[in-house]
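This structure is in structure tokens; I'll ask about it shortly.
The letters A, B, C, D, E and F name the chains in turn, as written, and every chain counts its residues from 1.
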Amino acid sequence: MDSGNVTWILVSGALVLFMTPGLAFFYGGMVRSKNVLNMLMMNFWCILVVPLLWVVVGYSLSFNGSGSVLGNFGRAFGRGFDFGGIEPAVMIFLATFAAITPALISGAVADRMKFAAWAIFVPIWSLLVYVPVTYWVFAPNGWLKARGSLDFAGGTAIHVNAGIAALAVILVLGKRKGWPRDGAPPHSMPLVMLGTGILWFGWFGFNAGSALAANGVAVQAFINTFLAASAAGLAWALVERIRNGHFTNLGVASGIVAGLVAITPGCGYVTSMSAIAIGLIAGVVCSVAIGMKFKFGFDDSLDVIGVHLVGGLVGSLLIGFFADPKGLGFDFAPGLFFGGNLHLLGEQALANGVTMAYSFVVTFAIAKALNATMGIRVTADRESEGLDVTEHVETAYNNSERTMGRSH
Amino acid sequence: MKLITAIIKPFKLDDVKAALKAMTVEGMTVTSVEGFGRQGGHTEMYRGAEYQIDFIPKIKIEAVVADHDVTRVVEAIVEAARTDKIGDGKVWITPVEGIVRIRTGERDDDAI
Amino acid sequence: MDSGNVTWILVSGALVLFMTPGLAFFYGGMVRSKNVLNMLMMNFWCILVVPLLWVVVGYSLSFNGSGSVLGNFGRAFGRGFDFGGIEPAVMIFLATFAAITPALISGAVADRMKFAAWAIFVPIWSLLVYVPVTYWVFAPNGWLKARGSLDFAGGTAIHVNAGIAALAVILVLGKRKGWPRDGAPPHSMPLVMLGTGILWFGWFGFNAGSALAANGVAVQAFINTFLAASAAGLAWALVERIRNGHFTNLGVASGIVAGLVAITPGCGYVTSMSAIAIGLIAGVVCSVAIGMKFKFGFDDSLDVIGVHLVGGLVGSLLIGFFADPKGLGFDFAPGLFFGGNLHLLGEQALANGVTMAYSFVVTFAIAKALNATMGIRVTADRESEGLDVTEHVETAYNNSERTMGRSH
Amino acid sequence: MDSGNVTWILVSGALVLFMTPGLAFFYGGMVRSKNVLNMLMMNFWCILVVPLLWVVVGYSLSFNGSGSVLGNFGRAFGRGFDFGGIEPAVMIFLATFAAITPALISGAVADRMKFAAWAIFVPIWSLLVYVPVTYWVFAPNGWLKARGSLDFAGGTAIHVNAGIAALAVILVLGKRKGWPRDGAPPHSMPLVMLGTGILWFGWFGFNAGSALAANGVAVQAFINTFLAASAAGLAWALVERIRNGHFTNLGVASGIVAGLVAITPGCGYVTSMSAIAIGLIAGVVCSVAIGMKFKFGFDDSLDVIGVHLVGGLVGSLLIGFFADPKGLGFDFAPGLFFGGNLHLLGEQALANGVTMAYSFVVTFAIAKALNATMGIRVTADRESEGLDVTEHVETAYNNSERTMGRSH
Amino acid sequence: MKLITAIIKPFKLDDVKAALKAMTVEGMTVTSVEGFGRQGGHTEMYRGAEYQIDFIPKIKIEAVVADHDVTRVVEAIVEAARTDKIGDGKVWITPVEGIVRIRTGERDDDAI
Amino acid sequence: MKLITAIIKPFKLDDVKAALKAMTVEGMTVTSVEGFGRQGGHTEMYRGAEYQIDFIPKIKIEAVVADHDVTRVVEAIVEAARTDKIGDGKVWITPVEGIVRIRTGERDDDAI
């Protein structure tokens, strides 16, 4: 076991774990102060429940197997690992991916979902949606991977998957009271920017860590992650400047995240200049895409669809154009711009299409089932009063100097 | 002139403002306050210790209006702020003996 | 010198250094807005003073020696190190442990301790308590270690030690005005959650870094750290849900920290499933233990005793049950559940008992001495007005648009 | 390519990238709540624009060449790199340095600079000032380096350079309305302390990462970074305590940053005890130096000059005294205290003098040119109303429970 | 009816609320304010620059009460808020000409 | 006694306070409020959605003064708060029927 590689994987794992709180702050800053703790809790919940599930059965079902559709129980309950090998490190590194994926969905359901329903939704969704899709896309014998689609760090399996699932859930959940006429600006933009900083920082582990070794591919993935984030942040900012006349912080933050999403699938398959191009395209496309929700009338509170679904699709399909095995010096299918044919693009489209169809249908069914049994939406009164107090009996900010009675 | 003070639910501010604007009340001053009343409060819990929070976020609106506008304005506020649920708030009227617009030095009805 | 191992130790050192600000935010969010800067300052103070002390004499006395009770001055003033070897990296890595240990205590004395007294308490406590206990528990010839007690990353030497010291200090310091009848909810729960995120992130360095190499043990320690935090966060949340009906953010945060504390001593000695068990137990036990202070009437403001002393003890004693040398494939005494006898459990009990007795007595003496000479408690007026303004002439939040006169 | 070294460089790159948001919070907490988003944006802007510029031409011009004053285009557009070698990792690591350098300047221009002017200033300054100075100081054949001056991680090229540039810009920009009579305390000290924590954490990557390998020099640089920060934080705190009677959080934060700045140039050239000395000196000198602005009447809003210029100079000149090749066991010129002569000190003075002269003149010209064409200062009305709303149509904090109309 | 306005020390709010509750004052509105008075302020220091902070956090309580309750209520507040230290605050009384409960439209004494 | 209420621009607070201090008004209470008036508000934009913010931060000053001081105090405030730009604010006067100093129980003019 190479100590440099182990270090790289472990550090990357820590970085990706840190992304979930980062996402919590990114989302939490955007909601009203009466709902911020609910948002944080939905995210933290994912890093409590999913990693346990992952070690117990998730990893085994997602990666351990020889079939084309699902793994087996060979690594269940933490058994079967070679203690001196790299696999345990890889397993725990991937736990952080499993955890953050449902967390992405939380941005769409903000301000109105019953926490108890979310608490149950997360592990069910992980098992029924995340696990099989991951097997198809990432496992050595997964059928989408075997056909030739490329997904370096989780564009299809994570962002497209979570993005389309977000759509399915909010179709069941319904719009927030007053939406789209009423709304509220982000309650704390510094919290949003803190989240953005943490996400970017952590995403180096997400993408470059996915090389699973500290090698040339990891370096290139790191470079691409960096450049795509910069390019997309810039592009989104410029779109806003041209369209509305100002550079906004939320625009920059959104662009950075969109760029990170878009480069995720291709970060190990493209060169630096292509990464810049992908970032620029993603920044422009996503900044326009987030307007869709008003057009089509679905209330995607914090633009999970506009950023993760669209950004993931853009990035995944662009592999079909920009994949450049010669430029990077190792072996995979080339994209259209670098000597390839339409085959790769077709496989990318297929992989994303299949993922979207499967994820949408199963997620919709889960949401419907939960709604029919326990209900997934808070009452209108609770929605008005705020979810922090009603769902969690807590208040985010108590800036007063006052003292109050307490009992216990 | 009178000072009309209204305590309302926070999410009703937009409606009340619109109602006042519609009847050409051109100025008002708004404060974030906390109310104690029949509505009661709620309990919060931190590490198992319970805190009884008796105070609920409310918005206070103050507007100085000319005498002949008082009734209309009060009615408009009551109308716009009502949800028929407990905690909708109060509107009260106090006498004002004079008002000055700082910018121009205009006084009384001209200054409103 | 292996570049992978050096990288792992340095990165871990950076992570653990980051934990002290993280702890500052975790604690700082929980106090009132008029005392938050005092809380931050108590924590930052530890990363100013202790590392200097550590390099000058602390490390040498804590680790360098052949006796069984205390080291010598062989590494004092940064001398005697092999510049090309791993020892300087280990020394600075351990500086972060020395720094965070007294910082843990600050949570207990919140809202009422004179900062000048804290400023002096920290280096004295480090020298008189932390240094010898560390030698006993960690140094190759330390007597508790030599007898056979196990403490992978500092359950006994750090958490139990700091937790019992917290009790000693608050017995001298007394209760806050109005406690337990009056109190105030956390002034900023997002700050608490930020601290929680940083602590978890940094704790990977704390625990897995303590392997002092990027090897299989580090990987397992990393996995265990992850799982115990998840399990304990979940357990605490479920206890609250069952007992009070709600999932709270502070419950999740507290559980995560309790799990991290509890897995600290055993993270390199147990398997993944045992780590989950330890986390679950710690979450339940600590969530109940924090009620003790109301029963016994000691004002442990932010539950240092309930979380760090109890969590540390739980984790340290559970090694006696869960230690599993076969499962991990290297050599140490097995726990009761894995073929061992009561010996290990006895040694764990002894090590913790000795640490508690020594730390309590010496800390109590230090606190008494400081109280007799300079006084350790602020006046009642300062306590009411808040420590930020009275002790530090600063205010945490000035959200006004106002401009004010200034002189200099 | 050694996996440990690659890991170290990549992790360091991620850490330094994280420093720019950290700097944004450090600065952002210090300004009024009506200007915090402008401050964040000025910093985030640097990590959008500069890295793209760096990959396209900056790196190539700064490092790739055989002349003594400027590089060539041999690595422009990401070309010419050996994909399997370490250079791409080094290139992206250095991108973070290029990005944070102009960000440092933002603290001086706080509260009054047109964002459009800043947006253009950043890339121009990077190309015309940062790139050539970097070549002189760091490139293998750069003339200042060739003459024998030492700058391990960027004291001269980064801190002195940015500090003097800050002075040039504010001379063109002018004072804030009401300065120095009026002012406002930091709007969020916890945000300042968060920034401080992130900066310290990231600075390990900045300094120790500059060894470009996980070796003994990296370890020593890590140790020195740690100790100088602690020492300077302590020194600044003690100066305030003695002068004004209190320990303040802002004093500690400022001292930590001053110490980090001061040790940056020498962190790979001095021993641990010298690092403590440098930290103590920097803490004292900088805490006094920030008073200069009131004396000389330049409005350096957040003390970029007092901390970065002065701290950088102090640290760079002290290399002339403390450089200790024997103590560290590798080869470079010794300082006066360790058997050297005045030569090294002279070269340090020359390198900093040249950097200051060049940077001041060119920066002043850029600022003048921008001022003449587009204007660099916001109107007085915008300054009063706050830059967040007027320049970015955003507000940092919206803590209200209110709902409002929205259109799109 | 009268409007009773009290400026008190923040940590006294709980006591005052309890006192008013005990005498069946069923509603009040609370605002976080800053007071300037004889108590004086304090100095803060940031990077060596001194800021004179003249304003001290206080709590303002407003309660509209029936005429016959005024004396009792004022006395209860004074009693509950007193610490005998400078800065305890003031209580003042202003006339109210009418009050409406938004929810029901009840007026005057019924609306209090 | 009268209660003088002034709505001013936030950055003018220091000047107004100085002016009042100069004329030995020894106490006042300050609240952060938001004003709606002719000055109009501004637009904010988040991810392309526009929010019309009609309310502008203002400061409210309340001071109870003796009858004979009212004119002087109002004039001093107007003087100190004026910038001659829209949004400078208002000053209004309401009657006060009594005031008590909590600490001492002093009443009326003695309590101011």
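The criterion applied here is as follows: a contact is a pair of C-beta atoms (placed from the backbone, for glycine too) under 8 Å apart; a residue touches a chain by one contact, two chains touch by 3 or more.
Bear in mind that the values here come from a model prediction, so they are computed numbers and not experimental data.
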Spell out the chains that contact chain B while also contacting chain D.
A, C, E, F
Figure out the least number of contact steps between chain A and chain D, where 1 means they touch directly.
1
Taking D-E as the reference interface, identify its repeat among B-C, C-E or A-B, namely the pair sharing over half of the contact pairs by residue number.
B-C
Roughly how many whole angstrom separate the Cα centroids of chain E and chain F?
17
Distance in whole angstrom between the CA centres of chain A and chain F is 50
Separation of mean Cα positions, chain D and chain C [Å, integer]
33
If you look at chain C, which of its residues touch at least two other chains?
2-5, 7, 11, 182-183, 185-186, 188, 194, 198, 244, 246, 248, 250, 291, 393-395, 397, 400-406, 408
Two or more partner chains touched - positions in chain B:
11, 14, 31-32, 44-46, 48-49, 51, 94-95
Listed in rising order, the residues of chain E that touch chain C in the complex are 11, 14, 42-46, 48-53
What residues of chain D sit close enough to touch chain C in their complex?
2-5, 7-8, 11, 15, 32-34, 178, 180-190, 193-194, 196-198, 200-201, 204-205, 208, 213-216, 218-220, 222-223, 226-227, 230-231, 233-234, 237, 244, 246-250, 252-253, 256, 271-273, 276, 291, 294, 328-329, 386, 397
Help me check something: in the complex, which residues belonging to chain B touch chain F?
1, 3, 17, 26-31, 64, 94-103, 105, 111
Per the touch rule above, chain A residues touching chain B in the complex are 182, 384, 389, 393-395, 404-408
Interface residues, chain D side, partner chain A - complex
1-7, 10-11, 13-14, 17-18, 20-22, 24-25, 28, 36-37, 40-41, 44-45, 47-49, 51-52, 55, 77-78, 83-85, 88-89, 91-92, 95, 115, 119, 188, 191, 194, 198, 391-406, 408
